[in-house]
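You will see chain A twice below: alongside chain B first, and alongside chain C after that.
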Partner chain A sequence: MKFKLLTSVAALALSAIAAKAETGLIVGIQLEPPHLDPTSAAAGAIDQVLYSNVFEGLTRFGPDGSINPGLAESWEISEDGLTYTFNLRDGVNFHDGTDMDSSDVVFSLDRARAEDSANAQKALFAGIESVEAVDPLTARVTLSAANGGFLFNLAWGDAVIVAPESIDDIKTLPIGTGAFEFSNWVQGDQIELARNEAYWGTPANLETATFKFISDPTAAFAAMMAEDVDVFYSYPAPENLPQFEADPRFEVLVGSSEGETILSTNNKMEPFTDIRVREAVAHAIDRQAIIDGAMFGLGTPIGTHFAPHNPDYVDLTRNSQYDPELAKALLAEAGYADGFTTTLKLPPPSYARRGGEIIASQLRAVGIETEISNLEWAQWLEEVFRGKDFGLTIVSHTESFDIGIYARPDYYFQYDNADFQQLMEDLTAETDPETRSALIAQAQTIISNDYVNGYLFQLAIATVVKAGVEGIWADAPTQAVDLTSVRWTN
Partner chain B sequence: MNISRNIAIGAMLSGVFTIAALVSFVWIPYDIEALSIAERMRTPSLAHPLGTDHFGRDILSMIMMGARTSIAVAFVAVGIGMGFGVPLGLAAAAKRGSLMDELIGRGNDLVFAFPSLLIAILITATFGPSALNAIIAIGIFNIPVFARLTRGAALSLWKRDFILAARVAGKGSAHISVEHILPNLSNLLIVQGTIQFSLAILAEAALSYVGLGAQPPTASWGRMLADSQTMISLAPHLALFPGMAIVLTVLGLNLLGDGLRDFFDPRLRNAEK
Partner chain C sequence: MLRFAILRLVSLGLSLVVASIVIFTLIEIIPGDPAAFMLGLNAQADTIAVLRAELGLDASPLERYFGWVTGMLTGDFGTSYTYRTPVSEMIGERLWISLPLALIALGLSTLIAFPVGILAASRRGSLVDTVVMGFTQLGVAIPNFWFAMLMVLVFSINLRWFSAGGFPGWDEGLFACLKALTLPAISLALPQASILARVMRSALVDTLDEDFMRTARAKGLTRKQAIRHHALRNAMIPVLTIIGLQFSFLLAGAIIIENVFFLPGLGRLIFQAISQRDLIVVESVVMLLVFAVILVNFAVDITYALVDPRLRRPS
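On to the complex of A and B.
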């Protein structure tokens, strides 16, 4: 009897473990979100946890970067491209039970584009003239000028639909319409989500999803090996990937990301104000050595600020091919025959820290001395991004289609070119796909010819997944770990 | 027998690394600032006796340059500790019970009360990570060690007859401290200095390990360890050699310190005989 009881207890325990394994998923990510409002901060970690899982926009990114219908079932665009009429899905509720209707769309978009808005990507909404609710399930957006990228803009995590009822507490208690609802945040450790049983669309397969924050590469390796996490999004140490690939317990997904990794150059600081100096830097860099040395071969060389997997990409790497002799000649021409000294400020990721040491060595070979300082993210944001106190820095720009930052003279690398700014305005107003492609190619060429920054490589994103997990995105068209269609196959 | 063996092994181990550091000023096998990515993570061979690291740098050269960093940091840091700590300790002992003695004593307690590595991290994080700031941070924590040691030992000397004789002869306390007390403390200070030297090497390695010590491209054993951490299963020698360098140097200095203490202590020396 006792034996029977024990075995049944054991069987129960086993089935409990099995059941847990099949309905919950633990995802490791590198950084903890500073708060949980995707509409008021640039931190990618917020979108990684919440995009599509908790919050949805009118449109959404698909796994391949395509723009799909989200909360808007369909839309009509007027002849002149100025008026977008969105037909919202019926029966969509926020997690607190309130209806999602056109008034929420008006509220969300008006809040994002308001004068005092804290939205990190206000430029996405800059062309909106008015947003109105035609009826509860129809919202109409009027633009001041045609914008061929408007539906794309609305798919960003910064453009998700939020409710006025829950906006006050959104930073700690995010209320969205997604397939998962927020359940708990253990600061410094993890965020837990639970399946939204009243979801309007196909419900999620997973009952729970937990995001664990593990920034240390060694800890990430240990956690994955011990199977403490089921998925590690954007795995931080590329040198460990062959080991995971060789292990039947895991699968490694290597995809393209939107991360253009660049040697950002302070265009307003001597001697980088001289285009010849910037060109010299570009020719002093051996991209392949950086990709091999810092990323263990993961990454695609780029010659401009654009993702190679985008159909409009122009390969301009030859424009800045590795040629140290040419670099020295250019420096001499610019009056720096004996070189100069500048700062190289590096944020924590290994592409920056390791890449920085390699670049420092390559620059030294042509006479440019760099003083390396390793900074934490908060310091980097303060000193480099906001303070603009740097000569060179290395960072990956992970927003999709972000070439527009070159039209912002106050952006941290301070590139100020009126022609380029005009070109970006033309691009925004243009809706014809072919003309748009031509303009985009032109924009890529301008910044490449101006050697605004050192263009290094497109960051590959490696996600380590436990065998039996299906539906994790390999590519990262936006910073998201979309779990809505993830399931266990065993 | 035992004493001399400790000294011999200790002197040999610390001597090897000191010589490596000195040699690095005139010659190293390979330039460590020129990376060759194609040559990375080679296992030990004739061309590279200790292999190459993840950037293709020769590990032997890195360890030699790292020895220079470690020894330079430790030397200056202990120098700061002695330079400030010993005079403070002498002054406190000379004016025993005075306000100054009290202030120095409580000042020491204050510094001792903080976990030293945490404060070192605080200092380097506030003023920016660099070898110089690491030296200052480590140096500050050496001050009370020497101040206390000096005061304690000096106090017992002050009660001795030959000091009394010097006083009767009309010498001032500053004079006595320098001329009679300090020479009698030198053995003690050498022993303590050796131990502190090994602790300073450890502290520098720890600070560099967390990224707050010497910055690249300056070689540092601690940073070599940190860099090779995620590659430990791929190329264990990347972590093994700098780790060994730290262990052997610190062990050598400790043996040397122990041996010297025994050697200088007449009671222990006689007991052995």
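On to the complex of A and C.
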């Protein structure tokens, strides 16, 4: 009797969940946002929850990474490429009911580029000379130099439009213009969003969206299998994916992310100052073995620091083909016939920890011994990123279009090439799409030929989705879980 | 008794001061900068400096230590670097999950351990004793997270009686919350119950051999009466010690279980805070746990004295 009662209670609870699921969606993500202001932290989790759902920028990323109009309906660019005039959409309100107009654009961009700005991507706004409100629906941005990537920069989560009225509480009460408004945050557990009934564009299909934070891979598996969550974005355990694929209740979306996973090399540390040594490392690495062994087959090999799904990508993997004999010969030529010992410092993600073990054994095969140390992120930032105290490390650079980091000689891998720096300046100033493509191809080739880092693979992103959920992005042009056009088909 | 309690209180205060110094120093030594962590790989040095100033990280360690301690004395635990909300609020919210979880687990563990331990001790050497001790051996040996995963597999994935984890919040009603805490509490309780049952049994077995037990039986008490009135009370000291230790363990040590069931408790808070270098949260939570442990030990000490009058006299 008791058992029967318990099962019926459980059934009741389950049916309640099922009824809720038709208008709401529960999305599992691994990390919880530290706070809810996308304009003052780098944490990807903030964008995952809020980008495009709650906050919008003048431009926005489409599912394929293209740049589409956002709060700016259209724009005119002056002949010299210095002045951008944005025509804002009419009738856009913030979730607190106040109007979104050009003064908010001025406020947001000025705040991001201010002296005391805490924007994690302040460099995006560095070229802005002034921002002015021409009239309530027209904003004009003047740049100090032409910047072919400016519209792209404005699509970032760090460039969303915020209002001066609500800025003080933005970290806990985000007020944006998006199709969803923030409704509740149970810290440590979940964030709830509700449909914005007064949205300026096509309203969202979902009435509510809940983001649940489940960091442990085993717990993520259990939550998905028990159908506690409807979607698990960026599913953390690739080894379980075949099981989900085989289950008719689920679907697995595999897409490309912006994460170039590289064996970062300290270009200012002996013996990596010698290009022959770096080339030897490149030829000692069997990318496919790493993808199969560490990522269970998910990932696309890369030969340079650029995303393969980008139309401007050049396949340079042949440049650093797996050839251990060549690697040994190059080492001997550089005076390291007996090999050498270096450090390999690994941050927590599994691509680094698992990939690191495989790379260590591949390097050992050509005579390079590595001392592996596992670091937490904060330690990695301190020792490797800031302290530059490393020989090799593995990290995925997840920002979109970040080849520009090779033009920063003080960046942690310390690549200093004046030609490349000049090329990047030319690229920024160039606005003609064809010339830009050519310059981008050239940039990819230079860093590939210089064997700056070991280029491993483009990080794939796997999202597990319950059957009947439609509209989840497979690719991740930015770290966003855009739910604006997601719906249930059953 | 009063003098005993006062002496204990003084040593409690001293322990807290020492603990605060140790915690602060340890956390100062760990490499990693919360501002750099928050701003990520593309941040410029000047932005990090701005954030450090905003967080008050540019003050000297001594200033920060005294700021922290004086704040705590007035109930102000500071503001979290990452979440930007008062630490006391965060701890309060998490405590509302960790504390009930620890209490339920402790309650379950005691409820199982007492009868089992007494049964095994009073039938020492019998089949019942062997079977019970066999099971408790198993219970001690099985890691609680593995047991937790097994329960999720059976009760959440296959039978669908419980969700695989998460916590609905107390607003959703007592039933929903207790339901969410059931599997975690059981997985925490079983290993603890096994340990407690074994301690109970051996403590009781020892007292059963004492002379006063023979005397009790000789003056006409039945075996049951003798156990209840004389043996149990004398066997309580080691059992109380273990219960005290277990409570502190359950409060702070549920971290793995909280991860398996993605419960937003204190353990997960501290885990997250360490990886994000949210130092002020780490310091305050650890301090709170130290305080809880010391307080529980104090309570246990006082209970010893209540149970055993000999301990009330300072040696």
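One rule holds for everything that comes next: the second predicted complex is superposed on the first by the 471 of 490 C-alpha atoms of A that agree within 3 Å, B and C clash if a C-alpha of one lies under 4 Å from a C-alpha of the other, contacts with A are read in each partner's own complex, and residues count from 1 in each chain.
The rule we apply is simple: a residue touches a chain if its C-beta (ideal position, glycine included) is under 8 Å from a C-beta of that chain, and two chains touch if they have at least 3 such contacts.
Keep in mind the model is a prediction, meaning the values are calculated, not measured.
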item	value
Contacts of A:Glu239 with chain B and chain C, given as first, second, both or neither	first
Touching partner for A:Arg386 - first (chain B), second (chain C), both, neither	second
Chain B versus chain C as contact partner of A:Asn374, first or second or both or neither	first
First (chain B), second (chain C), both or neither touched by A:Thr218	both
Which of chain B and chain C A:His35 touches, first, second, both or neither	second
Which of chain B and chain C A:Ala360 touches, first, second, both or neither	first
Which superposed partner A:Asp292 touches (first chain B, second chain C, both, neither)	first
In the superposition, chain B vs chain C on chain A residues touched	C
Residues of chain A contacting chain B in one complex and chain C in the other	218
Sites on chain A touched by chain B in the complex	217-218, 221, 237, 239-240, 242-243, 289, 292-293, 354, 356-358, 360-361, 364-365, 371-374
Of chain B, residues touching chain A in the complex	33-35, 37-38, 40, 54-56, 128-129, 211, 215-217, 229-231, 233-234
In the complex with chain C, residue positions of chain A that touch it	6-7, 10, 13-14, 32, 34-35, 41-43, 116-123, 171-172, 186-190, 212-216, 218-219, 222-223, 225-226, 228, 376-379, 381-383, 385-386, 397, 399, 402, 405
Residue ranges of chain C touching chain A (in the complex, touch as defined)	30-34, 36-44, 47, 50-51, 54, 82-85, 90, 93-94, 149, 152-153, 156-157, 160-167, 169, 179, 259-265, 268-269, 272, 274-277
